[in-house]
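Can you keep this structure in mind? I'll have questions shortly.
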Amino acid sequence: MPFTDFGVDELGDYRPESTIPQDFDEFWQRTLTEARTHGGAVKAERVTAQYGLRTVEVDDVRFPGWNGEPVAAWLLRPRGAAGPLPVVVTYIGYSGGRGLPTEHLLWSAAGYAQLVVDSRGQGHDTPDRTAGDGTQWVGGFMTQGIDSPESYYYRRLMTDCVRAVDAVAELPGLDADRIVVAGGSQGGGLALAVAGLTGDRVAAVMPDVPFLCHYREAARISLDGPYQELVNYLRWHSRHRVQPAFATLDYFDGVNFAQRATAPALFSVGLMDPVCPPRTVYAAFNHYAGEDRTMTVWPFADHAGGCGSNPPVQLSWLRERGLAPEL
Amino acid sequence: MPFTDFGVDELGDYRPESTIPQDFDEFWQRTLTEARTHGGAVKAERVTAQYGLRTVEVDDVRFPGWNGEPVAAWLLRPRGAAGPLPVVVTYIGYSGGRGLPTEHLLWSAAGYAQLVVDSRGQGHDTPDRTAGDGTQWVGGFMTQGIDSPESYYYRRLMTDCVRAVDAVAELPGLDADRIVVAGGSQGGGLALAVAGLTGDRVAAVMPDVPFLCHYREAARISLDGPYQELVNYLRWHSRHRVQPAFATLDYFDGVNFAQRATAPALFSVGLMDPVCPPRTVYAAFNHYAGEDRTMTVWPFADHAGGCGSNPPVQLSWLRERGLAPEL
Amino acid sequence: MPFTDFGVDELGDYRPESTIPQDFDEFWQRTLTEARTHGGAVKAERVTAQYGLRTVEVDDVRFPGWNGEPVAAWLLRPRGAAGPLPVVVTYIGYSGGRGLPTEHLLWSAAGYAQLVVDSRGQGHDTPDRTAGDGTQWVGGFMTQGIDSPESYYYRRLMTDCVRAVDAVAELPGLDADRIVVAGGSQGGGLALAVAGLTGDRVAAVMPDVPFLCHYREAARISLDGPYQELVNYLRWHSRHRVQPAFATLDYFDGVNFAQRATAPALFSVGLMDPVCPPRTVYAAFNHYAGEDRTMTVWPFADHAGGCGSNPPVQLSWLRERGLAPEL
Amino acid sequence: MPFTDFGVDELGDYRPESTIPQDFDEFWQRTLTEARTHGGAVKAERVTAQYGLRTVEVDDVRFPGWNGEPVAAWLLRPRGAAGPLPVVVTYIGYSGGRGLPTEHLLWSAAGYAQLVVDSRGQGHDTPDRTAGDGTQWVGGFMTQGIDSPESYYYRRLMTDCVRAVDAVAELPGLDADRIVVAGGSQGGGLALAVAGLTGDRVAAVMPDVPFLCHYREAARISLDGPYQELVNYLRWHSRHRVQPAFATLDYFDGVNFAQRATAPALFSVGLMDPVCPPRTVYAAFNHYAGEDRTMTVWPFADHAGGCGSNPPVQLSWLRERGLAPEL
Amino acid sequence: MPFTDFGVDELGDYRPESTIPQDFDEFWQRTLTEARTHGGAVKAERVTAQYGLRTVEVDDVRFPGWNGEPVAAWLLRPRGAAGPLPVVVTYIGYSGGRGLPTEHLLWSAAGYAQLVVDSRGQGHDTPDRTAGDGTQWVGGFMTQGIDSPESYYYRRLMTDCVRAVDAVAELPGLDADRIVVAGGSQGGGLALAVAGLTGDRVAAVMPDVPFLCHYREAARISLDGPYQELVNYLRWHSRHRVQPAFATLDYFDGVNFAQRATAPALFSVGLMDPVCPPRTVYAAFNHYAGEDRTMTVWPFADHAGGCGSNPPVQLSWLRERGLAPEL
Amino acid sequence: MPFTDFGVDELGDYRPESTIPQDFDEFWQRTLTEARTHGGAVKAERVTAQYGLRTVEVDDVRFPGWNGEPVAAWLLRPRGAAGPLPVVVTYIGYSGGRGLPTEHLLWSAAGYAQLVVDSRGQGHDTPDRTAGDGTQWVGGFMTQGIDSPESYYYRRLMTDCVRAVDAVAELPGLDADRIVVAGGSQGGGLALAVAGLTGDRVAAVMPDVPFLCHYREAARISLDGPYQELVNYLRWHSRHRVQPAFATLDYFDGVNFAQRATAPALFSVGLMDPVCPPRTVYAAFNHYAGEDRTMTVWPFADHAGGCGSNPPVQLSWLRERGLAPEL
């Protein structure tokens, strides 16, 4: 596999014209206000024992998301930790949900709390549009409801993700001044959206090989992965009227959220990523409004990015910014 | 590409054990009754001129489907034809909708009326679950709501398809005694479902390379196409608890509908079809309850089946059964 | 799949240097004169009934082509239409022939006559070089006889295509002042050739995603499809003496025919076309001599171009130019 | 890549029913008689110097083939060899010609004469049907003229190949009692045809991974290579009338030639060959009429067979049969 | 992707003939004795702080392996745990090493100690044959030294893996009566080898989708992954003398180790695994000598097996056998 | 397949910055001196008879290579030739060894002597690091020992290749003033290395589609072949510390050897080569220090380059430089 995009120098200078809709802020303010109006309690049930864990305490959480609907999450923290703990809110990649707590052991091992947020429809425990229990479907989210920003799937999911940050304040033992939002691929795009929509309420954002950025170019150059659902849509359904779809997507573009985000940011990118081509990541990074921003470049990585080498980079970066848990 | 399945001899004998759920008939009776309870009028608007057609009369139809929601369809017929005309109700392949009337010119040229039924969510004009106007999404339908027969996507779509047959009676100039249901791939699976659910109300069924048949084997052996969404679901979401998904699918399996269907049937199959492997088609065909059933075998065809060679076969077969329009 | 070529802006400016051979006009004048010298009658046999069609009248036509050899065609027109009708002469894509009349129902439904021209050797009914009846072969045409313009396969096929226009005058009920030549892929390349070779005898040309254009670049950048036969030839047979092959191809290049063509032209292109890369289409379009030329851009389309969305564009465009049939 | 066919045990027993047409022998007798009627001289020109060779003497040969047309060949022999020498007549793989003498140095180095026969149309120096000089085309031969045994391409090429054996008698210094016919892939199929058509005039035949055998199965199971041209033909052109094509091919099937061949035979096969699947090779081998037959099995080989390991096997095998040149 | 092998029923009965060499036990006894003769101390250095971990204590271990050479390992355990702890000795997949401790957090979180063993040559910290520091190479191990069991790469690596079990006794706080050996893919094959070579010294073995089993079939049917290196070797280097390679491999085959292993065993398999086809896993499982053996079947899984769903299965299975840590 | 790189014009100007390490010359002088210190005799055994050759005399040679270890080679020459003969020293492509003498018949047929040098580890007859007899392994050489120039695999292999030139002087009947070094792919990279390390001791160098050149770009843009082993190493093992690997490779880069080489040079390149992309070949060519350098461009060739058309080009080029054998 060859490099999938420009070289690093060109990427560093890549800053495509902004496409923020005029009513972008209004749209999101309205959307979030509406969601918050529904209120609803955050619930947590201790489930450590059933997963056989000893050093970690696990709660099965439900918090109110879009339309007040209950969104599932795992809360993990070091057993016996005296709070308040810094907390990493983690979002999940495309076509997957929160999975099992045993899949998320890094942050609690490092002394952090972690809230792992389910993705509606994509996971087992959070139906989209009250369609029944359980996992719902594989694929299709990328274009679901794309005719209008009002009905687009990611309006609902991104609202859930912001409400996850709201939920942190309701959970005991967490330090609401040290909320970090993070995730890889779709999770990275969602973290970026949350950073743009919550301003200084999050202390840091760490999007890894983020998806959901710079759709216009992503549709033109991505080689694999869920942007291809968009390409198929434009090929078979929109054909020569492609602007309406992009007009919807402008409300959900990481490049636009980046222009509203101010928290310290640690991005990562793989220069051989066929799914989220480097320029789409750099477009968000180079537009990022916060001054403290860092890009970890994995030069020969595909969409797996830095894999097991990435967590140490993130742990150091958070420590340098005073966000690590006390000893 | 090699043959994707058994040879023709083995296929002719292939008759897997039936997996009809005990409450299969009750489930569908309840579902259809519920849909019909909503009532609602069938509406048709003449749109011939805007498509520049001269020999064909085109109506843009809306009929009440699942939950009474309006389902789009095109009605095409030879201009100036004296009715009542035999009518071919056509269902569409996966991830597409009714498209434009200019894409459906065969049956009216041959003197039939044709009702081309949109697929909710998949096409531009029939939203699923009132999610807004326009086309909705690409992919994902195969597993949407699969946790239960109640919430499964195809419950709604198949109901629409049965209601299309109901709608024929409401449309002037059509002969309700000569309703043929037909389609290729997903359209073939839907036609088979309708044949199984409407009994002798349809005069013939013509499923070409039908999808939505014999899911258990399809998941094991298909090489490409939308059964792969099911495979991905079973791989990533269900893992070693795969029976619940198959239990849902039993309510929507062409092999089961075939056991309830009695109309004369003309199937087709491609022996190199990687999407709908031959045994899945033969499983439905060999279980078909009606005595008058024919299989057109295209020995070296892939999922395109007989392409342009298929219509003459269908035209002859219908004529032999007295279903052709009068001169 | 990513974009396969430049962006639209660069394509609009792409105008490679002309490579018309000095004796290009002389070569074709000589070739066509020779073919016409053979004379021969145009024959038509009414076959509507055997294809079960009601609104369309179909004739099975044989007209004299290269070397006076009989070339098969279908003539379709609205049943009972009072002529003279505008006529769309349609050429066929690579490795296929005229097929069945039921595959060509658009133009007659819209009130036009249509002449569907078989491709010698590629179809069932027109042998190349009197090799016997029936279909002859799959593939290989691209380089057959490439050593010299005299023996190159497309010399014979393009001559047939011009002679199809000649034949229109011999067929009753057609309006020789409203001849439109059209086709997709190879059919588009042939339509362009005919437009260049017949001057103002054709009233319009509509090449969709045309093949047979700008061979030098096509050989360098196409990813799939029959230009690969040329690449294989140059790789295995010509090796470092590639100029002679290109010198032959210059006599058959849509870019060169475009410089001789003056009829109003409606091209189409898919920006993700791996078979006929956009720049090869734009090279012909930007060199097109006629002033009334339009490009329909399907931004995310592959070689399928605009599919079912294209006919309405063509119907409108013809209507605007006064070429539509009278009501 | 996995094994492409049965295991060795099943292959050893694989003996499909014979499909020799009733008039097979009459067809070939007539065809060869007709060709020989044309007569014509064998011409040879010494060209050693221009290829810079020192130990080999090279002649550029033309001998009369089908229809008396001149077929090109290279004759190589050890410089200064006292004849008469045993001679290996070599046929070439699909879509290639005799190439250059420097590509054929094995047999002369081992003391044999070698006659390398060009394939009409496929090579640079032997046009098919007098279509002009030079190489002609890439691909398409597999189905060219397939409508009838009379017009099928391989009728002409196989006649050339038999006439090459006739030509040996006309060339000085060769031992007509020690003619070995050989080749790989298409060359192997041609060698087998010649063995079947010349009886005891050839002293041995060595078909490596032979093509042109057992078309019915080859079309069903081959994964790659020129049998795919046949599959495409059957898919797109013949559709459900596939028997006529197979009826033509029966006249050109290595399985049928094998039943007429008696010379000692050394076959080879690769058990992972995706182009010429093992059972198609074994079908010919197991039907081979001569008693002295050997199969070299290369268990993990693809269509490259034994590559550089094969010549020593052949040299030994010939030596054991007294066919090696004297010291 | 379709099922890559037999159905589950046939797999349950699949028990290929044993190919254990006569001197198998002698070979391994000699090899291990020789390695142990070198002696050497086990060293451990506390490195928890530099990886930023809080709930886990990490030691960087070096223990003496083949030829007494130092082999790297990570030892992880719950911070502050009172020993002695049950310990899971983990081996790594092909072309990777022990990586970072942050990649191995499951077992310590569940209260176990874990020893993660580097693979010589494949990882960063354990050179093979003292070739210098650092990672050494990617690929090639499968056939390195395959000419003889003495020189084969896996002789050295498997010896290291047995010596890792020896090392457990030297490390404080571990319970030598509760040693579990485990791993996925190559790691599973190594765990099986260790189980066969250490008898009742290990309390359980958990091979997931194990590699290094039943080479004769693996070479014939695997579709992807490192068995292809063996296929390439047999294709290009051994050709028709393939038995010597298999004779070497018999000393390193999981099917043979299984016949010597008695510890309770928990295997897993994916029925769509293209890398380690199901029958190769079942061959070892069905030959497994211990009576307490369980197969976890993931019916639609590829080589990723049960992924995140597998650990809970393993945790329960160990708990049921009294191997879980005390609360 | 499209062009894999720049057009010819840009390639002609492509001259990347030099990356020769400061101690490059010292490193190689030390390495070669060390190897020569070991001394050792060149041995040759006559084996002509066992390969059944008549016009060629073959010796099985062992000469001392790196660490004085015996390296296998074939020496072929025209039987009965009066020396001293010009000699072509040939190196072999990746993952293969010297094979059999019957695979190397060109140069002796043209009157030259040829020394075919085995590649340690890659062939059957030259173990790397005294690991036992026979072939050793497939793949992995590209990164073996890459941590340091001292331990890198190619340090040993390139030393063998230089020592092959030393060995020529020890073999009777060869003309040490007419030594040509040559090879394709890896063999071309090795020939270039030897040309750079032996200065005017070689009379000419002929690298065809050379591998082992310009690693930094090769890793970024190659699409297939052994540079992918480097990419995998950088992706999975080095991640964001990729400079150390490139620092090692600088000692083994054809671009750097080219700057030290002065013999007349005949390169070749395929503009569609996915394995050794054109710019990597031109980088060496454009940096080549000798003034007499020629590039044979095969415009549509993949990694097979000019195949059978290349030898005549090389024979002419050598003749023009007075390096051909006397008549």
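Letters A, B, C, D, E and F mark the chains in the order given here, with residues in each chain numbered from 1 onward.
We adopt the following convention: contacts are C-beta pairs under 8 Å (C-beta built on N, C-alpha and C of every residue); 3 or more make two chains touch, one makes a residue touch a chain.
Only a predicted model underlies this, so the values are computations on that prediction, with no experimental measurement involved.
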Joint neighbours of chain C and chain A, given as chain labels: B, F
Option reproducing the contacts of A-C, where over half of them reappear, out of C-F, A-B or C-D: C-F
Between C-F and E-F, the pair with more C-beta contacts: E-F
Relative to chain E, chain with the most remote C-alpha centre: C
Approximate Å spacing (C-alpha centroids) for the pair chain D, chain E: 51
Distance from chain E to chain C - Cα centre to Cα centre, in angstrom: 63
Touching two or more other chains - residue numbers and ranges from chain A: 236, 238, 309
Contact graph of the chains (line, ring, star, complete, other): other
Pairs of chains in contact (touch as defined earlier), listed by label: A-B, A-C, A-E, A-F, B-C, B-D, B-E, C-D, C-F, D-E, D-F, E-F
Residue numbers on chain B that touch chain C, as the complex places them: 51-56, 78-79, 99-100, 102-103, 105-106, 108-111, 308-309, 311-312, 315-316, 319, 324-325, 327
Contact set on chain E toward chain B in their complex: 1-3, 272, 296-302, 306-307, 309
Residue ranges of chain C touching chain F (in the complex, touch as defined): 219-223, 228, 231, 234-236, 238-240, 242
Chain C to chain D touching residues, read off their complex: 95-96, 124, 129, 131-148, 150-151, 153, 229, 232-233, 236-238
